[in-house]
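Here is the structure we will look at.
Labels run A, B and C following the written order; every chain starts at residue 1.
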């Protein structure tokens, strides 16, 4: 389970880094708390962070189920794809929001495969 | 644990569906990313998705604790109520936000019962 | 594991309480759903709730890993610090957002220590 835990922690630390960039953008673009709107670049960072949270809630239980009931190795490998996909998503979203699709396609379906595969695996177990 | 896992996955897939509707509403009502405001119907879909995330963070650990320490069958049945309650919530919220109360009452207290019941169960175990 | 579960449930119930205060602020400051902006005090309550969600996603897996692979007692004690830190954060944020830093420092690094410590513990195990 070690590599699966490392991948889960990696995805969470990537999420922490996205949160750090939201804080930095707050200062840089002058968006004082509690506002989360007002500057388009700040809003992009904020949405990257929020959307990654929305993905993690599917990814983490999926990773865990898949690792237990299907394969730890495949779970860990899919998890690495998810982390890379989220990095691509963050980069594209901040550069130009309409181009973020590639990053979505590299991460969200991976979370879905882990969840559905893990659930099927639990039933066939 | 199979049915509990199926219920957990069901609640997460319902959440994925709510997210899909946010994306569709983005196009339909012309709310371009990163904005999450500007059209009242889009905002309703967005809040359904967000509020379900807020509920899942309580529901999923509660479901898991209740299944381990109290009863898998009752956990799974309460989980089904939660999923149906969230569907009612989504429908009412999008139709008319002030009417969403019934959907809240059918889902949020269920998550709370699972969490508190599961925690008590762990202590009595 | 009993005290670790109690601490996890405590952090989640604190989060539920923050959510209750968002609902109360909705009525008090006249911010009708689906809006989440429009009154600065409401927005502070909303951000306390959201930011606590963002923290819980790191805290809960971290608490769990740390309890399994490092120490249940230390995990539970750090969890208590996190809960107190979040209460400080909520109080300061609602009073005066720029002063919230102490509450951040009392909670977010604790979540990070649990996650990183638990992951290292899993590898040394």
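The rule we apply is simple: contacts are C-beta pairs under 8 Å (C-beta built on N, C-alpha and C of every residue); 3 or more make two chains touch, one makes a residue touch a chain.
Nothing here was measured: the structure is a model prediction, and the numbers come from that model.
Q: Tell me the angle, as a multiple of 5 degrees, of the rotation that maps chain B onto chain C over the C-alpha atoms.
A: 120
Q: Copies chain A and chain C touch; is their interface built from the same residue numbers (over half shared) or different ones?
A: Different residues, largely: of all residue numbers at this interface, under half are found in both copies.
Q: As a quick test, compute the distance in whole Å between the mean CA positions of chain A and chain C.
A: Here chain A and chain C have centroids separated by 20 Å.
Q: Counting only residues that touch at least 2 other chains, which ones in chain B make the list?
A: Residues 37, 53, 57 of chain B each touch two or more of the other chains.
Q: In the complex formed with chain B, which residues of chain A make contact?
A: Contacts found on chain A: 37, 40, 43-44, 46-47, 53-54, 57-58, 61-62, 65, 93, 97-98, 100, 112, 115-116, 118-119, 122-123, 125.
Q: Using the touch definition from the top, list the residues of chain A that touch chain C in their complex.
A: 1-2, 5-6, 8-9, 12-13, 15-16, 19, 32-37, 49, 53, 56-57, 60
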